[in-house]
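Below: one structure, written as structure tokens.
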């Protein structure tokens, strides 16, 4: 997959963890999410037409992989932080879908509800029907330094879907 | 276009809009700018030698596209926010040009003037003459949650210029 | 190098400079680091298995290049700011290594020590031995507006190592 191309499959992932520093906490959360050995490139945030969900993939390590993600890092002991993503898939296969990301203090149930509403709203202003919304959220209660991350990975390899 | 390659054409785009959430406002501003269905990848911020301006492009949806952009999101009703970009094109075709981005509270005229000065300064410290500066700015008066975005899109497709 | 591929070589770079605006200071710091004419794409932050360090490269201008980097911009005259990166290379050639980035007020010696500890910790939680840690840091005493940047550039070209 090169610049100007579109991903054919995607997957959702989330994780949360403690860390030695803020960046280590983010890194550990990525590891928990199963995507800690990628070179993630942040994108704004479209599911290409026909792009299908697959089970999470993890290899090869170090590969450069586009992803839309939300994260939150906190160093306030006892604080609960959450990250969530939603992927709205279009009714019409020729339309693009949409990814929304959200992170905040508070619980994952609220974060997931908010990010799903964001995805609904993003499709509404595009005038596109929604076939289905895939979403994933995670929460974490900080001990010393903690992070939560949720991602939609646009898998850049040419491969079949799982089914 | 792959990593390690250069874009052959670019275009400027800007937009501003209201949104259901801060990210929805940003998303709506991208839609207004005509680039709401891309997976934008933020880059720091060079016009490759020989890269030409073209009219804005918009397809295919979901493709991964490098862009330099500025944005600002505000939830202060009545606040005016602006985003601006400038692309300084070099006198010598074999030199690289430069993109600068700027966003702030205030009006687009000031933002555009500032970003143009930033581009002049960036070329000056490189010791390069300027053939022309292309710039674009947009302002937005926030109702509830609003965003403004200005972008230089490095179009990753192999294609001819408009002329 | 395309999305889904891995870099074969990397190099470290750092720089610091004064600028006309915050973004100009960052841009000038990139120039000082020898990477001011790239379209850098920020990645999170893996050294692929077998990826080797090389001497810094600089051409062609405007090419899109993945990099992990830390930066800090300050407009407080007299403030000392530092940026640092560390690349932990694995004992086993088939394992991935890790990049950590850190920036803060203060001196480069502390920043470099912290970022090296961050890299050690990141490898520890992955259960991987460390063969060597490459690190680089830079500090800058701000006059009016200053920036410091440190980067690990994942060189996207197919080429041999220096030796």
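The letters A, B and C name the chains in turn, as written, and every chain counts its residues from 1.
Throughout what follows, a contact is a pair of C-beta atoms (placed from the backbone, for glycine too) under 8 Å apart; a residue touches a chain by one contact, two chains touch by 3 or more.
All of these numbers come straight from a predicted model, not from anything done at the bench.
In the CA-based superposition of chain B onto chain C, the rotation angle is 120 degrees, rounded to steps of 5. Both chain A and chain C derive from one sequence, and where they touch, under half of the residue numbers involved are common to the two copies. The distance from the centre of chain A to the centre of chain C, each centre being the mean of the chain's C-alpha atoms, comes to 25 Å. Looking at chain B, one finds that residues 1-3, 5, 41-42, 64, 66 touch two or more other chains.
Residues 1-3, 5, 19-21, 23-24, 26-28, 30-31, 36-42, 60-66, 155-157 of chain A touch chain C in their complex. Residue ranges of chain A in contact with chain B, taken from their complex: 1-7, 41-49, 51, 64, 66, 68, 95-96, 98, 100-102, 114, 117-118, 121-122, 125-126, 154.
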